[in-house]
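Note that the chains are named A, B, C and D in the order they appear, and that numbering of residues resets to 1 at the start of each chain.
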Amino acid sequence: MTGITHDPAVRQCIDDCLQCRTTCLGMAMGHCLERQGAHSERGHLTLMLNCAELCGTAAHFMLAGSTLHTEVCALCATVCGACAQSCRQLDGMEHCVAACERCAASCRTVSGVQAPGVHASDQLPTTGVTGGPPRQGAYG
Amino acid sequence: MTGITHDPAVRQCIDDCLQCRTTCLGMAMGHCLERQGAHSERGHLTLMLNCAELCGTAAHFMLAGSTLHTEVCALCATVCGACAQSCRQLDGMEHCVAACERCAASCRTVSGVQAPGVHASDQLPTTGVTGGPPRQGAYG
Amino acid sequence: MTGITHDPAVRQCIDDCLQCRTTCLGMAMGHCLERQGAHSERGHLTLMLNCAELCGTAAHFMLAGSTLHTEVCALCATVCGACAQSCRQLDGMEHCVAACERCAASCRTVSGVQAPGVHASDQLPTTGVTGGPPRQGAYG
Amino acid sequence: MTGITHDPAVRQCIDDCLQCRTTCLGMAMGHCLERQGAHSERGHLTLMLNCAELCGTAAHFMLAGSTLHTEVCALCATVCGACAQSCRQLDGMEHCVAACERCAASCRTVSGVQAPGVHASDQLPTTGVTGGPPRQGAYG
């Protein structure tokens, strides 16, 4: 992202938020509404749309250089985690699960929040590594 | 808001978030960029744009009927409070201050968060009253 | 809308676009996904979400005071018209039909575009009257 | 973009719209508001924000698989062209000019609209080549 920030973790997080937003929006309006049934169940579909919305907002705060971005990213990690869990119950949602998990990991890195169930002593020292799944696809 | 929720505090909060979003966006792109100087200083202008963005996202979660809306609204109250404070330093921003304060109050009501500096014992029992400033204007 | 414009037709159009956005988003994520079946059919649901998105964008251009708003509003009138037609086929969508029709009418007024099937000679002189249905509800 | 479309020109256009949105938003809230002066002049800054908004909307229509996307993309090409021209007058906006030009070219390809000043007979047969500048950067 040009002209914004030189912090590589923030730049990565912007990319991951935008990729997650696009994947969630596209999968919700594409795959899920094509499949119907559990895929278009209200709770699941609105969670995907909410997740897309909040990811866009987290990127917006980071692009602005706001110091409030850590709080937005912490919340974004929570919502992405919930969206990944909802997607994991359904067929053909692997891309969305991966995008949500990667975004949640980046958002935790940026906000300094621990992953749920992770104790500080379990963590290896990191150097900006987000720990997400291998990157693939257009924004890779 | 039709077909969404019957909780009057949530409906009021949706209205207040959308009004705050519109006022912040309009004032940022109108009054502030007309005036330049302190009004278009980066920290102030991006806070107004961020605030508008997050208010829209809070409304999106409430319109979706998401249970995660309380966390989004708690954060929205914080950002609206910061935006109100920034606007209070500048000329001609009264509408924006009022919209941000009203939205922050509604968001606190919906999320169950106390106003900063308010002790629980100071509060009168409320019955859906948001405690914001008098309402005015198009969305009254 | 404060500090934006003094043109009453543009101010009305901003309100109508924002109301249409909110109604479409809320009905899509609420009523339509509750009802499922034809209400959550992909073509219909994505049209409602697209319509909400474009209405927000049209308001954004008007709030910015952009001279390009006429072209955005002309397109918005088309998409709102398509959304109203799709909603008219389904139960319980009267609010959404009304919001889309009102927004389409305001957008045509602002952009100088004729309604489909209307001949210029059929039109009475107007003085900023949008010709939409009676206004109701929160943003009245 | 997963699960959306198999048309490579549309997929490319989604990427280019999202990249343009991010670049315009980031440059507006970063470089332009840092620099002030002509960079933060109202007409320029709001055009960048409007352009970002419409690019996001064009991507939204394409992600939805809407047949109305051609009209949104045609308008997006116009606004991106105007934004590129505005950015070309200012220092340090090369990334934004490139992103806008690339997005405008992709949008014209997808919508079947000619570039301004181009006669049909001047065009070589194309096979999905957008004719934009060389691609660089994170979304490359």
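In this text, contacts are C-beta pairs under 8 Å (C-beta built on N, C-alpha and C of every residue); 3 or more make two chains touch, one makes a residue touch a chain.
Since we're looking at a predicted model, the values are computed, not measured.
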{"item": "Between A-D and A-B, the pair joined by more C-beta contacts", "value": "A-D"}
{"item": "Greatest separation from subunit B - chain, by CA centre", "value": "D"}
{"item": "Separation of mean Cα positions, subunit D and subunit B [Å, integer]", "value": "32"}
{"item": "Between subunit D and subunit A, distance of the C-alpha-averaged centres to the nearest whole Å", "value": "25"}
{"item": "Subunit A: positions in contact with at least two other chains", "value": "29, 42, 46, 49, 56, 60, 64-65"}
{"item": "For the subunit D and subunit A complex, residues of the former touching the latter", "value": "1-5, 11, 14-15, 18, 22-23, 25-27, 29-31, 56, 59-60, 63-65, 92, 95-96, 137-139"}
{"item": "Footprint of subunit B on subunit D - complex, ascending", "value": "29, 33-34, 36, 40-42, 45-46, 49"}
{"item": "For the subunit A and subunit B complex, residues of the former touching the latter", "value": "42, 46-47, 49-50, 53-54, 56-57, 60-61, 64-66, 68, 71-72, 75, 78-79, 82"}
